[in-house]
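Below you'll find a set of structures to go through.
Shared between the two complexes below is chain A, which has chain B as its partner in the first and chain C in the second.
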Partner chain A sequence: MGGGNLGTSGLGGSFVGRFKERRYSLTLRRFWKSKMGVLGLLSILSFAFLALLAPVIDSKPGLLRPGERLTPPLESASYLLGTDSLGRNLLGLICWGARSAFTVIISASAISTSIGVVLGLVAAYYGGAVDSVIIKIIDILLCIPEFFLILLAVSMFHQQTLTVVILTLAIFSWMDVSRVVRSAVLSIRELPYVKAARLSGASDARIMFLHILPNALSPIIVIMALRMGDFIMTETGLTFIGLGDPNVISWGKTVNEGFQTLRVAPWVGTFTGLAIFLLTLGFNLLGDGLRDALDVKQRLT
Partner chain B sequence: MRPERALVRISGLKTFFSTDFGDTVRAVDGVDLDIIEGKINGLVGESACGKSTLSLSIVKLLPSNGRIADGRILFSGEDLIRKSEDDMREIRGAQISMIFQDPTSSLNPVFRIGSQIGEAIELHRFKDEPKELTKKVVREEVTTILQLLRVPDAERVASHYPHEYSGGMRQRAMIAMAMSCRPKLLIADEPTTNLDVTIQAQVNELILDMVKKLGTTVLLITHDLGIVAEMCDRVAIMYAGKVVECADTSTIFKRSKHPYTEALLSSIPRVDIKHKRLEGIPGRVPSLVDPPPGCRFHPRCRYARAKICTQDPPTVEVEEGHRVACWRYTDVWESD
Partner chain C sequence: MNLREFVIRRLALAVPIFFLAVTLIFVILHSVPGDPISMIVAEMRYYGASRQQIEALKAYYGLDKPIWEQYLMWISHVLQGNFGYSIPMHAPVMDLIGPALLNTFILIGPAFAISALLSIYLGVVCATRQYSKTDNLASFFSLFTWSMPGFWTSIMVLLVFSLYLGWFPSSGMQTPGFTGTPLEMFTDRLSHLALPLFVNVAGSLAMNFRLVRSCMLEVLREDYIVTARSKGLRERIVVYKHALRNALLPVVTSLALGVRWIFMGSTLIEFVFTWPGIGRLTLQAAVGRDYPLLMGATSVLTIVTILSNLIADVLYAIIDPRVRY
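The block that comes next holds the complex of A and B.
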């Protein structure tokens, strides 16, 4: 344990050294101290690494090898995690699945965060009728279980490409971000420095995006990290039941197939499920770690 | 001496707030006030007498439940009340700027001091030019203004964040922000209330110095008569949403006419007189929702006469540049 501690703080020290601003370095130092957060980050980074290496690990993803069906793990040097019922390299499937998972997570959260931030900012900044309309939309969307809404939306498309999945995920998941941004902005907009900015002659847009938004970043970052974990679950859920892009290798599909051969080849479902579990856990731990590190109130103690 | 000219001429200004209970708070209720060009104009009054509301009315940055109900604010001959929000944005920061009470929360924690000071310059002087070209000029300008405020090592200070500095330094940064475009009018809303006394004196001196150098007109809002005596050329006394007396500072201190001013002055401890007991003003500040009829001060006034004082008092010019809103200086009072 002692060695591990030294290791992380040493890493933190050198990493921090490059940041001149004390404000950020303090946050970083606090983050490096939260072991769970770092663990989450490590999990995410290792999956990102696997996703990047996918073409190297398996240059022919999804290639059917009828002669090598259901090879158990570690039996052959070329298939470390074994093969599935169609003779596909499981490690390759997991790596390529990580690719599509990251594609979905990153694009969906970029889009949903943008929608959420803009609507939350506008609602809180202008208040009044604008605010009530946006709040009503959020309330209505939050009433319907998200997964079924997404399920319905995706199944309405004939061609369920990755883009369709990403857009649907994004469109039905910005509400949390909006609410977080709105509540943060409601308190920030009353601060004198916002008035000071207006007194300097700054426009509404400038005040919202330049003066208020940077001060509301911490909760946005935290909710983004936590949202990413949800995106993996929803995406794999969709592909598990057969929705989503049929031409893309995804974890949900692999788990489904593993589920069917669970008795004869338990490794297919187990390893892929483990991948889903670890990456989701990674994002959740990262989110929690960031929340602790960015919490201004705690910092005072 | 140059003839005195009003930079801002406020007449009949009424600014009201509506509350959640449906009441109307008459925070500023018919104020006439001239802000004399090139002078430091004091505005004195106790808490909640409408002095901050008056200043926010000038820049038209009232909270959402406030509105200007009536009156005119002539700034260099133009009525600010009729100006659109876009026009006001051009004026704010460039021609009229403001310093607030609390320098800590008036500076944005995520920006360097320099970029906050430079913002108004960027927004007004170089608004149509690309940022890359003007960056250096803006930075030089920021350094100049900080040096004018006697900030040591101005360039380094500009590159730091507000939390790295003390209250006095932050207040200087605030002043620099307000002065960066060399505005014609600077509204200072209790600029030194939150600072300790030694820093107060320093900051006041800096404001004085800077304003004299740049020829800025100042509206200094305070409740501290000591600061008024020290800094102001002219002073207006506000009570419950109205200006009750207005004169040169020395006149106010020597020959105050309004009973409220008198009471206010006699409630300051003085070293040259032996007080038995410091006098307060009896009664309470009237509610601005339902103010007393006529003269706002009459329920607490020792001279009040029930018949006359429940009528609105006229403003009487008792001597040149010395105006009092009180019935005692009218013929009606004598003949009654």
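The block that comes next holds the complex of A and C.
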């Protein structure tokens, strides 16, 4: 989600289209100027590259090579970052870990944002009892420390597949988006152009998604970027303590194994943790840069 | 309405929220396939337990009753502070949570205080010298520490200061079996506290610092600051008496709201340093599928969060004279 696909080519001819294009190009230019945001994007893209290259770099991930145990980094040309206590290629583990990290954050944030957008729209648009129920749910979810809710939910499953982790992350993290969407809708709902759309017979869904939602897009994008950083932290935290899918290579699990063998192979935990740190940093920098570029004034927590 | 009435009203509002939260925890536990003791049941089958024995166990935990009856039972137990019995730990859940919560406060309390004071000091220094070298360095650094996963920072700190340099012990709250003068005992505890405390402070400092800095910058642009300066007040008084007091309003709220983040962040730090706190206990419960303990710990942490939100509201009302209750 680099922001590069924001241009609207279909509307190019009309005045509104030209105005929109100009706004997007301004936003883009402001984003490219913020060095930190671009740096974050670069970090994310390089990890995405590593994730895509994973099968090339290590075609047999997690293969145990008892003869090559504990090779330090840079000592062998075939294991650039060394091997762990079981003789697995650390670079390979990190690349495959990047794959599962991206799988988790992309799907979790897609689901979480969809839930948040739909509930926020519904709450604000229909108001009344629907609104107060949704607000109550948000209040309750915000008072239970979410890491523990996620712990509770994930540990309930006997088979903690990647899907379970993704769904749990998504289900307990949509509240911010909902609140932003809700307040945006509340401020827009009574504007003349929405009334005009309703008078001309547009359906509720059409008004909500085509006329109201685009105005709440900027804060949603910023929240998504920052949320992705949180997702990496939570996912690696879960796998670090031994929850999550045991059959998937994950950064948290590798850091834990590095922690167990800290005396003999300190590089395992160090490099894998560095990967977690750099990718999280990437998303945080991107979120910060986008916030400035899109001029989102709200203080997002 | 006076302050006391305000506090009581806020407390009254917090109670239903707590019950709904506890209900949510119950719903999560019961909406997942398989009941909480199916693991134990599977194990008992393996060891050749009879059907009657398994049924007796289910009856003992009330799992043969309809769901609404189980829910009422859970709520009434929670009201009595009874979260059940932890089978793996062989102790009532409350007896485990109490001491663990105290240990966590020993770690979090100082961390919270240091982080708050340090972030206010740094925030003021950087906001008054915006874009100076100090400011740029601090802002840059805070971006980095903000993104560090606590468990990795813990491992790195452990590697350097405990394994390589040997300055601090690597785990626990005190050296087992260590005896000496009270002062020696205190130093021993302090040396165990140092590393987890450092990581905890580093974890929360960045966010607090960014907040204080941006609030100060906002306030420093206000008209009354210009007035204060033009009256010829000393810069110290302008910054600390006029600007900081107003900038602190949102900061106090965020600090209190941030207590939940400190708890969550502290969890994995406790895990790495084997600090016997509530976070580590919760993790053990989650990994060992100890559901009564897990539900109990989550409920207690929910109470802590609700209370800290309440404290945030009350503090705000006390500090800001403009707030009408």
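Note that the second predicted complex is superposed on the first by the 275 of 301 C-alpha atoms of A that agree within 3 Å, B and C clash if a C-alpha of one lies under 4 Å from a C-alpha of the other, contacts with A are read in each partner's own complex, and residues count from 1 in each chain.
Keep this in mind: a contact is a pair of C-beta atoms (placed from the backbone, for glycine too) under 8 Å apart; a residue touches a chain by one contact, two chains touch by 3 or more.
Keep in mind that what you see is a predicted model, and the values were worked out from it rather than measured.
Aligning the two structures on chain A places chain B and chain C next to each other without any clash.
Set against each other, chain B and chain C differ in how many residues of chain A they touch, and the higher count belongs to C.
Of the two partner chains, neither chain B nor chain C is touched by A:291. Applying the stated contact rule after C-alpha superposition, one finds that A:30 touches neither chain B nor chain C. With both structures placed on the common chain, the touch criterion links A:99 to neither chain B nor chain C.
Contacts of A:88 after superposition on the shared chain: neither chain B nor chain C is touched.
By the touch criterion stated above, A:198 is placed in contact with chain B alone, chain C being left untouched. By the document's definition of touching, of the two partners only chain B reaches A:127; chain C does not. Legend: residue contacts after superposition of the two complexes on their common chain; A:189 is shown touching neither chain B nor chain C. Touch criterion met: A:211 reaches chain B, while chain C stays clear of it. For the overlaid pair of complexes, the smallest distance between C-alpha atoms of chain B and those of chain C rounds to 19 Å. Of all residues in chain A, those touching chain B in their complex are 21-23, 127-128, 191-193, 195-203, 206, 211, 214-215. Of all residues in chain B, those touching chain A in their complex are 59, 61, 64, 89-94, 97-98, 100, 102, 105-111, 119-120, 123-124, 161, 163-164, 174, 177-178. The residues of chain A lying in touch with chain C in their complex are 36, 136, 139-141, 143-149, 151-158, 229, 233, 236-237, 240-243, 255, 258-259, 262-263, 266, 269-270, 273-274, 276-277, 280-281, 284-285, 288, 299, 301. The touching residues of chain C, when paired with chain A in their complex, are 17-18, 20-21, 24-25, 28-29, 32, 34, 39, 143-144, 146-149, 151-152, 155-156, 158-159, 163, 214, 254, 257, 260, 263-264, 267-268, 271-272, 282-283, 285-287, 289, 294-295, 297-298, 301-302, 305-306, 309.
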